[in-house]
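Labels run A, B and C following the written order; every chain starts at residue 1.
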Amino acid sequence: MKVLAAIFIDPFVEMVQFPVFFAEVITGGIIVGLMYALVALGFVLIFKASGVFNFAQGVMVLFAALTLAGLMDNGVPIWLAFILTIGAMILLAFAIERMVLRPLINQPEIILFMATIGLTFFLQGFGEMIWGGNIRKLDIGIPQRPFEVGGMLLNQFDLVAASTAAILVLVLALLFTKTPIGRALRAVADDHQAALSVGISLKYIWVIVWSVAGIVALIAGIMWGSRSGVQFSLSLVALKALPVLILGGLTSMPGAIVGGLIIGVGEKLAEVYWGPLLGGGIEAWFAYVVAVIFLLFRPQGLFGERIIERV
Amino acid sequence: MTEISTAENTQPEARQLGGVLLKVDDISVSFGEVRALIGVSFDIREREILSIIGPNGAGKTTMLNLLNGVYSPDSGTIVFKGETRQRMRPHESASLGIARTFQNVALFRGMSTLDNIMTGRNLKMSHNIFTQGLYWGPARRQEIEQRAFVEQIIDFLEIEAIRRVPVGRLPYGLQKRVELGRALAAEPTLLLLDEPMAGMNTEEKEDMCRFIFDLNEEFGTTVALIEHDMGVVMDISDRVVVLDYGRKIADGSPDEVRASQAVIDAYLGVSHDET
Amino acid sequence: MFYREAGQFKTSYIQDQRLFSIVQDRWFIAAFTLFAFVVVPIFASDYWLQAILIPFLVYAVAAIGLNLLTGYCGQLSLGTGGFMAVGAYSSYKMTTAFPDLNIILIFLISGLFAAAVGIVFGLPSLRIKGFYLAVATLASQFFLIWLFNRVEWFYNYSPSGTIFAPPRTVFGVMVTGPASTPEVRYLVSLTFVAVLAVVAKNLVRGNLGRTWMAIRDMDVAAEVIGIRPLRTKLSAFAISSYFCGVSGSMLLFLWLGSVETIVFDINVSFLVLFMIIVGGLGSILGSLIGAAFITMLPIILTNIPGLLNIPLNVELAKHIELMIFGGIIILFLIVEPLGLARLWQIGKEKLRIWPFPH
């Protein structure tokens, strides 16, 4: 009886009794969720435009953040470091297209997926080789002062993160729907052969997509890095973006945001209110289990496209 | 295997057809806005060769998919061997003795010809993992038995030379033959063939026709086939069903259908009223 | 000239279905078995046994397991580490609760626990495929590791969370624990690998293997033939997890002697996946080759700088190792997606017609 009460009643009672704390937990969850979403956006971009499930997106976040932090630590002024890092991500996109995507052009998706797993390991070693494995601070001047709203303790940083995510989604959505490049990207995502036959250069498109994804990764990296420093564990956090993608649907950018919010808030609530029952640390697996359960009922995610197999 | 004799006459009156094996009754199915089949009814008698023809998009493959349980109808019933059903399920259709080939050759590309046809024997084999893990003894005996049976099919279809070749490497015409072999391996009562001659040259088509005739004569297998080659259809069918825009517009002997005005209109593209 | 099949006719299906149908192959296998069981334990150094051969054998079992699930049945799994952990912890609990029970038997039973867990976490595979399934298996990976960390009962309430393999004997010979010799542990591992590899091979060349491959290649067509997707996938999960569980037990008792959950974390899942990619998806031999390759790689990498007299600090070596791992995976996927096993096959075919080019 006591156990049932502890699961089904007490946490809700606690939420109601301490509404301010509850609101803080939720906002905390929203912020974390937005950060997951930033990583997930990169995934969606690449998947939408090249059909590749880029497992290395997390490591790209790490790599971008490392490069930026490393340059800044070596005395390079922020604006220059920023430009150089973007340049580095574009170079990376070229390299990936040339050495991984082009040779695997007609292979089944699962092969490409495994190639991105290999890419993950490679980039990790590469990034650490250049910049070392130690944690670096990343401070590009994002305001981090706490302030109060209605009794809740918030941070200016949270606002910056939220607005960044919103702007990014807007910009990307506009890119995809309103520009000729966006149209080409969508064409490539639908059918490589057909896109080629109307004169769209796959190479060119892929470099663009992976560069943009790289820039998105940089932005995500800046957010994460400013908050908790830049280190290897960042790429593990990025693994969390996977359940986000599942909830939102692999092909939907708004889905990435919504999925991120659900996972972020859900995780925090579970950890704070039900975690103590199970000894804590639920955050390690909660998001994944939620994703699995969700998949059972709606395999394409909230906003994804239904896959219909023709026989 | 007994000597194969080619059928000497294909006059419907002279052929020994049985009772009704399969009956679809007022079947309708839609995919979203698209009405793929609208109130279609027909039947197939035992040992009959029935052709289903019609312009592209008429709903022919959809009908076969319904009979296999890949799709389920929105309304109507399927009566097979006397049992009425609202829908078929894939493994149910298999255990009832319905086998088929697909328009796009649904072979298992990672396996050889022999293995592909052996999968057709799946329902006749036991699934005991312990004996299989051991192999020596019951599993091996079973494997050899089934191999012997499958080799008969390989002989029948004249594909001995490509037994061990991974099917992905075979030319299209041979792939279709292997797929027929896989369907035959299940010893089906009803064989559904989706454009079995598509993409074949004249010789290959003749071979395929011969196989279809032979398996109908030898094993008494009922055959329903979708086909676009009118020559083939007229030559080998006992009866022809014509679909157009999801409706049945003709049903009768090849000669009757050939003369039907509705069929001629459908193929020549005279505009219809949407009734 | 030497590797000729000419004159070797198979006059029955039994002969055709043999595992090693060419006489030269049979001699080779016999010689190899003799070498592995007799020559190696006598002449190999403790370092070779402990640091190279035993780890290879342990991972070989896991690689075979994962290959059955991912290579033959097409269900991508990133949960290998978790299933190995189930094997290790269940055999630990069993042997500490029943110290007189034969340890070999315990290994075999621990596999059953892993198989049961595998079935549970394999249930989503009915509705979920491809990358989605991979993410779902991550759920099992993270959950299981959390479970073995959190629930103290699993490590007998030890304050450090580490579990130690207690000493056990088989027919009077010390097989596990600090007093056991590398030679004995090597031979036990080798026996497990030999038996399990044969069992796996038998499964994949029979009906079960064909149904797995059918589901992998085209599951709609498979269903229409009468293959039941859920049952087939679950059987793959169960048997694969069984192998991984036994591998985990071997890891604890025959190799490391003690483990913490970190030994079974997600990196192991990736490692074993790399083994089957490099070795060859859908090939038992490939699993073995891949396990050998990936086990040897770090050793080669750490030793090359020494041989070439290039000083390389440990940190840098680790980073380069990661890069080379990743690079090799990509290279193999580009050059030979069917892995080393395919290269081996091509080599054999060339050998058959040697010294002629065609």
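One rule holds in what follows: contacts are C-beta pairs under 8 Å (C-beta built on N, C-alpha and C of every residue); 3 or more make two chains touch, one makes a residue touch a chain.
On a predicted model such as this, the values are computed, not experimentally measured, just so you know.
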Chain whose mean Cα position lies farthest from subunit A: B
Closest chain to the centre of mass proxy, which here is the mean CA position: C
Subunit A-subunit B separation of Cα centroids, rounded to whole Å: 48
Distance between the centres, which are taken as Cα means, of subunit C and subunit B, whole angstrom: 42
Intercentroid distance (Cα basis), subunit C paired with subunit A, Å: 33
Per-residue multi-chain contacts in subunit B, two or more chains: 70, 102, 106
Residue list for subunit C, restricted to those that touch at least two other chains: 220-221
Touching two or more other chains - residues of subunit A: 311
Complex contact set, residues of subunit B against subunit C: 68-70, 90-91, 93-95, 99-100, 102, 106-111, 115, 118-123, 125-127, 129, 132-135, 139-140, 142-144, 147-148, 151, 182, 186
Of all residues in subunit A, those that touch subunit C in their complex: 53, 99-100, 103-104, 107, 109-111, 113-115, 117-126, 128-129, 132-133, 239, 242-243, 245-246, 250, 278-282, 284-285, 288-289, 291-292, 295-296, 299, 309, 311
For the subunit C and subunit B complex, residues of the former touching the latter: 13-14, 17, 199, 202-203, 205-208, 210-211, 213-214, 216-218, 220-228, 235, 239, 282
Parts of subunit C lying in touch with subunit A, wherever the complex brings them together: 76, 124, 127-128, 130-132, 134-136, 138-139, 142-143, 145-146, 149-151, 220-221, 266, 270, 273-274, 277, 315-316, 318-330, 333-334, 337
